[in-house]
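These notes concern the structure reproduced below.
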């Protein structure tokens, strides 16, 4: 039901990135640029600077330029539906990357080919699982550093973690505040929360940048991250892996930005007429002190 | 008690406007205190008083710009509750304020018809009709200009006429003119007087504020005298003498004033020294088309000319404000004058004609305003030498008798005349070699004017040279040693004192135009 | 005064007024795009370009009115985000409810701005900065910090996604109607002229007996309403009520107004030139996307920011050369 | 008792006492409500967090005093903050550590000063309106910073450089002392120096200032240069605290905080007034509001609304004085 893709030597490929204000997004864009060379793409990459509406407009301008296939990391679940619909109407097969759209309105196999990526809720759950399994004290007092208020990874990572941690009554989340996915904000918020809740002994951050900021705040306040405060986070950046190796951080759940090669592979299969599952799941790893050193060289 | 005093005038009609016991305080400063005013239908009523006497404030209370702190206002015997200028207009009171209150960025038409625009059938503004109406209204004042252009592109005089035209066109019962003639030339004043007479004939009352007493005698029926925020008296003009008015205004004895004389300026007495400044054939984009004049030490050179003849432009060019497109301005030492800072450094000062826009820094204190131009000289290690500053400022406040609550009072709270004195102090404090005075006594009361003129005279005696621009012939004729007459941006002739008469000056200025036959003098 | 005189004469002779530069730049950019890129002038691009920029055009026009009074409205982006959420909630009742509902919400926030500025006499920059924060917070609160789905079953999506008269999306026609209406308001009604007079000199306008406060209340409410309409376009054309949208919209609206030759100090400006300014700034994005498609240089996101800033610089320079704006207050 | 109260009320001038009063109210509120508020660590945290806002707000005050505004401060912070690690992580700095460190502080600030010259020249010589002139750098400055670093986060360990952000003098954060020093110098400039007087005159009436021989262009450029330079310094501090430089994030939304702080502190947007101490106070108030809301677990969205209310209240108090 999705538009077919003819088999060609070169494809005109659109990649509508949502923003470039954090290392993760930058790594993802770079991955697509790198793949363009190996996979024979003429890549049009746009940047919506954090605006869902602009992302739709970017997709529009790619449609106007006659792309063959569209890779779209939708900034938001619902607002990007028009982009998916428009691409379909223009006969362009669409693959969603790293985030998906509202499944009630746009369905894989019907409006878009497939969603390639992991599950933010699942990432939050796995962070909680690790904590439940590895926390040694009797009482876990948790400070949660949320991502950008209202953004879907923040909402999902919160939901996954909060629901899972509620199953174990050793834990209590005493404060949950936004650190805007940024190191500096993460540090400032942690400094403040640490003052108001000196008893805290667990920090859950929605991404590694905020986790690093929290570690700095803890150290400035004379606390020992890793010893008297356990840090749990998501992403798997180089700095986070280093922190794990240094014993300052407990775990980070991987959320890989390297989608380029997977995108190339799935697209070629689709062009060859193979059946593509609606969700091409990416296996996220969990980095702990056991494996961090092995993977630090591939981290971004 | 007050009523008794009024009985002497004879109160046979109901008054159009009656203001009783008006008080007004600005942040602790008493501007009005028991002021009274009564205006009858169809009369031309004057208010006179020194700078800061409270004339403008009284009017602004009547028109709803300010709220009174005390007193009653009645119109046709009924209490009048006005809190905005709009309500005043709707009640039939049209006003031309002392500080021009028009919008320079908008067209002439808009400034005239705003608020009362002609409409098309659909309720939209009919610009064709609006332009036509504006042209027609302005034509009554002999003004024929492109009404679609920005008002700000015309001279102060034209703007003043536009303001008057607007007020007169509002079908008012009372038209208030606060120093409406201060930037008009004689011909324009004649036209204005004709219009006032027409208004009067149709039963419209006019409230007329002016420092020119001659004007009072020509058109006013009654005059109210104010002093220090109080109404001193009201007379029929015909029953007064100038001297009597002045003595009431100043609160001094008539004989004392008579002894002091009328103008403090007198030209043609000193023996001028070497040439300090020489402007040769200067031209500029602002309208100079070849003006030449020289200025010697201890000399007052007047620049004469009709409005728009380029006097202000010549002064600005000399001061380095407008770039020259031709000709040269040379100082005795040959230094270039391309910026005001350079001019000031060479000992030139420039008192502007537009006090509000070019002169005062409204929120700064009297002290800071006085020392503004001499900051580089008060500099010690990058800082302002406060000790010296204070002494200097106090000296000039005393010397010029500036009426202020103290040197820290913001200048915006001073009356127009006192602001002018502060600005004069700013330049005198520089102890300049050359002072350019553009309408130095415009809007200044008789007393202050006399003081300002004597200060100038004294400075000249001490070696100052002055380039004097004035629309008052008397000031020029009596004050200047020489008068360079400008016309259309060119210098056409030069008159030498002693011996210059007003008619000679008028003749020279008019040249081709008709010579105005009136003279203006404040006393 | 005399320097204004000469400047004004030059402007007068040109006839184009302050807005001359923006039209020149607009034509140059369009011609450049048409010559360089295939499909740039195609129906699809024109339609989608206008559809996206309709939001910015209505906001810029509302902003133009505020700026003409010498004020500024920093809240427009947040207000649009807020009203997009309102519209999304109302979308099941159809466009006939959602559109007026969201616009009313915008008008109401505009009313709050007017209250702050006129009644409490808080400087517009600060008053609307506060509303900007407040509206953003409000949008997040009422949406529970989620994007709010619109009802795809109702006729609500027609507005932003369906074409009227088989030509262009409805939103574009509505925008055109709003622009024309506001143009008439500014040029031919007394409230419009009062707006201009207030910007030219508030005290003077008051002393002329004009309804200064009424004009100010009007512009803030109008700007709120325009932002409200933009919020409807956002929800309808871009699929959801989005509490996080609108960041930086106020600055691009201000830029559009200024690029259109309107003096930020108020008193001079026009609706048409503002629209041209908004189109011009929108075109920069569009052209950058097409340039990326040529593949000669694939511009990174950062270079795009640099180029946008540079472009703004160029237009401002052009503007100031063509119509030397007088600085500061005029006498 | 009532006598003293009424006499206090009579002498209460919201313009001058509004901000201190607001500060007292916030402090009292915190003492009663916020847990563990009365601790030295609270002071340290707030000083280190307020420093950047305060530094930028004081610079902003000078620009606003000329009747201008500077939207580019956040972008300038990013530029300076992106450049510094590039320098001290370079080979040159590896070879000459001390020289490298000095260059890493001086060169970014010089660059920031250049941005100020650019802004100032646009505003004064070319007569571009300040919001628009500084909007140019607001848009492109951060982009330039990202171009410089290729968008990458730069992390480092450099104790001497980090002293800027984490050092302590007499037990208090180094940047707090820096703020006091800058505040003292600027206060002197505004109150006593010729430049300060000229600055206020230009803001009070530009045409009159020009006529009085004041070098209006130079004064304005000066204000923008100082403001940008201080923004550059603030950028370095942010980087130093974090031991990382993220061009996309440094100084994000700083312009709004700085303007709000200046205005809460009593600066008039139309120019002519430059209360440096007020700006400092404004920054402290804004910081404390942020702290209070965070420490008491107020949700981000509600915090936004509260912040809006507080700004309106603080500014309204100051407007109230005029008749």
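Annotations
A, B, C and D are the chain letters, set down in written order, and residue numbers restart from 1 in every chain.
In this section, a contact is a pair of C-beta atoms (placed from the backbone, for glycine too) under 8 Å apart; a residue touches a chain by one contact, two chains touch by 3 or more.
Just so you know, these numbers come straight off a predicted model, no measurement behind them.
Traced through touching neighbours, the fewest hops from chain B to chain C number 1. Chain A and chain D have Cα centroids lying 34 Å from one another. Rounded to whole angstrom units, the spacing between the C-alpha centres of chain C and chain D is 29. Per-chain CA centroids place chain B at a distance of 45 Å from chain D.
Counting partners per residue, chain D has 146, 151, 207, 300-301 as the residues that reach two or more other chains. Looking at chain C, residues 140, 145, 263, 300-302, 304-305, 329, 331 sit in touch with two or more other chains. Contact with two or more other chains is made by residues 20, 149 of chain A. This structure has the following touching chain pairs: A-C, A-D, B-C, B-D, C-D.
Residue ranges on chain D touching chain B, taken from their complex, read 188, 192-195, 197-198, 200-201, 204-205, 207-215, 272-273, 323.
Within the complex formed with chain D, the residues of chain C that make contact are 72, 116, 120-123, 125-127, 129-134, 136-138, 140-141, 145, 251, 254-255, 258, 263-265, 300-310, 312-313, 316-317, 320, 324-329, 331. Across the interface of their complex, chain C is touched by residues 69, 71, 122, 126-129, 131-133, 135-144, 146-147, 151, 206-207, 256, 259-260, 263, 268-270, 300-305, 307-309, 311-312, 315-316, 319, 322 of chain D. Chain contact summary for the complex, chain C toward chain A: residues 37-40, 42, 44-45, 48-49, 51-52, 55, 140, 143, 145-150, 152, 160-161, 234, 237-240, 242-245, 247, 285-286, 289-290, 292-293, 295, 298, 300-302, 304-305.
Across the complex, chain C is touched by residues 63, 65, 84-86, 88-90, 95, 97, 100-106, 110-111, 114-115, 117, 123-125, 127, 149-150, 152-156, 166, 285-287, 312-313, 316, 322, 354, 356-358 of chain B.
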